[in-house]
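Look at the two complexes coming up: chain A is in both, with chain B in one and chain C in the other.
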Partner chain A sequence: MTDVPDNPPSKQARVRRFTAVELAQHWALLVTLTVLAVTGLALFAHGTWLGRTLIALEGGMETRGILHRCFAVLLMLIVVWHFLYVVFTERGHRQLMAMLPTRADFSAVGALIAYYLGRRPEPPPFGRFTPLQKLQYWGAGLGSLVMIGTGFVLWFHTQAMAVMPKWVIDVTAIVHGYEGLILFLLLFGWHLYIVHLSPGNFPMQTTFLTGTISAERLFREHRLEYEELFGPEEPRDDGERDEP
Partner chain B sequence: MRRAALAVVLAAPAALAQPGGPPPPVAPVLRQCGICHSRPEFKVVAEDGTARSLYVDERPLAASVHARWQCVDCHADIAAIPHPAGLAPVNCQRCHFPGNPVGAPEDVNYEGYTKSVHGRLRLAGNTRAPLCQDCHGGHDVAKRDDPASHTGKRRQPETCGRCHLEVFAQYRESVHGQALLARNNQDAPSCSNCHGEHNILPPKETASEVSATHIPETCSNCHGSMEFNTRYEIPVNPVKTFKHSFHGIANELGSTRVANCASCHTAHAVLPPADPRSSVNPANIPATCGKTGCHEGANANYARGRFHVDPSSRDAGVIYWVALFFKVLTISTMAGLIGHILLDLSKKLRHARNAESHRE
Partner chain C sequence: MVTWLYDCNGSVTGGRFSPGGDTMMTALGWATVVQDAAEIPAAPTALRSVARVVLAVLIAVLASYIALEQIGTWRRRRRNRD
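Coming up: the complex of A and B.
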């Protein structure tokens, strides 16, 4: 699973965090959700210059709809792919189990807030996935499922209207719109800040490109996982400065 | 045909002297033309045997805004009797131009007319397309607010209906036509309220007041105000709710395929949903929604439930509560995320500053 270097590792040693398949899933999701967000946001921002600009960029209302549906199909395929991955591969299943929320996550969030407020000198030690990362994963995952479900009703509204009460269609449209906005904020606001824009990571963290993380960052941000891999000893300082 | 007029049929010259009563107050030249044209039996017979009356009733002219003018002031190309063939139609621009010396109203929208569907057809040589006088009247031109005016609000439908027969028939039965024509309700729209006056364009052209993309705005001139809607027992703002619906958003963003007001309510046969003839009566909704290119296969289930729902109004029931829940959820999510970002940012910046001062 990890190309384990010396023990304790050098600060700069790269530890494998994600496999090529996982990176590929992330890329597929990144592109798909970006197109879906941009083509969906055009509707949400109707009546503003943003909506008009987006629609113009997307080649008009009709093309926007076609694009949105094509990428919706891609999203469904990615969800199926991911589902098969976490259910039928050992590595994937381990990742899913590590992603499950635990009671410790709640106390860790409390401790993190205490740290932010200056009541605690150090942030709490996190495992392979921090509670905030779990929130991003489950938010994006369950959010995508809601979007797919409601999106299906809206896509086949002519058939849906023939069998469902009108208010169900109205509610579906509202849920699809707001859930899309929440997902957008979660991924293109919060996730982007945490991963790339926050001080220390700015302008970009490379894990999503290489699938690796430096031993130093692993020690700092995923202490429990580090200890599982290398024991309690801190990574060696070889003199050169690593990422800040 | 007209050029091949065979005969001008004149009645006995005895009719020249008007027996009894004072003559109508008309100008001398008019009287001169009236030697022939004041006779009801004065006709021209074409080669195919059809007769066209050349009789001019002087009374409407005397009551019109043009009473003080003489025949040849307008029929300016008449210089000989019998008149030569191929006389031009009267050209109103002889007087109605900006800065005219005779005091004729100057604010005539010729430009709008020449660009309009009527003007374009006429200029392209279609003699069935209307000139000024075809709508405003020939001899009986009256001021706009005069009830006798052909282009006054209440007489427009009839005037336009002389050519647009089917449209007039539909409009007359519609809620708009009934209100204006049967009850003289001045709130109701006449033709020009929706189509414009001189600058009428076909609905297929985007610039038209009644094009797919302009219709919501045109209808909103009246139906955009809740005060107006309440007066006519329309319980929701149809324009606002349309604009927030998928149809409305797609329409606003330039889709011409999506339903606009007229797609469901029809253009001229607009009737309240309770009327069994209405296109939006529950019995007719499957056919209306199921039009080719729309929701083909629409069934009776389409007619159940409410249309024009305003999710921000409590009357919307479950839709209101779901929308409210998601608004709160979105705002609290946003607050949570921003809150975390601010906490994280301030902690990290403070950390960096401490590290900096330690190094120094």
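Coming up: the complex of A and C.
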């Protein structure tokens, strides 16, 4: 596989979409958020059988707390790593710019809904990132910042109580718990569905493993980016079936 | 000791604290509250309700999106097959 295949590429040609550093960041975030979600959910639902089971599996309340804090520190490090990457590297900065929401994204969402309702023959053409991918990125990014901020207050609650009124601690605890649940739904529900379970992607899309995407899929799902790379001509059919 | 200001859900269940109060004061404040439950400040149930509504709306939006995509794809595939 080359970074830029022949022009026009065959449908099966793999096009580089994410670099090794970006895949590493994704993996680090995946593992960290999974542990944080499981250890956090145990506390959030401590009164249910699920919470009690999770707490027992995590070695009790104290071990659960230690695990949660260790992985919270990891999350902070990942956020710093990602921030440095998107600010100080050319590639990262371009990725961030491509992630910025535009007005066209809003009309594209409307067009996408019209397509699902059968009122458009084709889905709208998307660039490097679809509006839904942008929503997930900013939701996860800003959500992580909120979790880190509120988590700090709860972690150092004794010191926080010395300088903050009680209601701030109350609000922080509620925001941390529910924001965590929203992040969990966003990433482990919606993101997982869109990437792996939605029509055309089931049972699994391999981009998160290889960092590459087939030219056929790039043409179908990121038409504008495909046209920037290869022009308007469709990928040629070499007779082999495309893999998800 | 201050840890017990939180219930297992991570919520503050009571206490009388003011800005500038030190750790010892917060711990003592909790001890007082335990003895006099009527003095426990009300938990912010309104905020909790708002959070639950936001969560419910988010779940409804996500479920609607998934249903829309699944039904739309199914209808299109059926039409193409016919």
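The definition used in the following text is that the second predicted complex is superposed on the first by the 241 of 244 C-alpha atoms of A that agree within 3 Å, B and C clash if a C-alpha of one lies under 4 Å from a C-alpha of the other, contacts with A are read in each partner's own complex, and residues count from 1 in each chain.
Definition applied: a residue touches a chain if its C-beta (ideal position, glycine included) is under 8 Å from a C-beta of that chain, and two chains touch if they have at least 3 such contacts.
None of the values given here were measured: they were computed from a predicted structure.
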{"item": "Clash or fit, chain B versus chain C on superposed chain A", "value": "clash"}
{"item": "First (chain B), second (chain C), both or neither touched by A:26", "value": "neither"}
{"item": "Partner chain in contact with A:193 - chain B first, chain C second, else both or neither", "value": "both"}
{"item": "Chain B versus chain C as contact partner of A:60, first or second or both or neither", "value": "first"}
{"item": "A:128 touches, of chain B and chain C: first, second, both or neither?", "value": "neither"}
{"item": "Which of chain B and chain C A:176 touches, first, second, both or neither", "value": "second"}
{"item": "First, second, both or neither for A:52, with chain B first and chain C second", "value": "first"}
{"item": "Contacts of A:43 with chain B and chain C, given as first, second, both or neither", "value": "both"}
{"item": "Intersection of chain A interface sets (partners chain B, chain C)", "value": "43, 46-47, 61, 113, 115-117, 154, 157-159, 161-167, 170-171, 173-175, 178, 181-182, 185-186, 189-190, 193, 198-200"}
{"item": "Residue numbers on chain A that touch chain B, as the complex places them", "value": "42-43, 46-47, 51-52, 55, 60-62, 64, 113, 115-117, 132, 154, 157-159, 161-167, 170-171, 173-175, 178-179, 181-182, 185-186, 189-190, 193-194, 198-200"}
{"item": "Footprint of chain C on chain A - complex, ascending", "value": "43-44, 46-47, 61, 113, 115-118, 154, 157-159, 161-167, 169-171, 173-178, 181-182, 185-186, 189-190, 193, 198-200"}
{"item": "In the complex with chain A, residue positions of chain B that touch it", "value": "243, 246, 249-250, 252-255, 257-258, 289, 295-299, 301-302, 304-307, 309, 311, 316-319, 322-323, 326-327, 329-330, 333-334, 337, 340-341, 343-349, 352"}
{"item": "Touching residues (chain side chain C, partner chain A) in the complex", "value": "2-3, 5-6, 8-12, 15-23, 26, 41, 43-44, 47-48, 51-52, 54-55, 58-59, 62, 65-66, 68-73, 75-76, 79"}
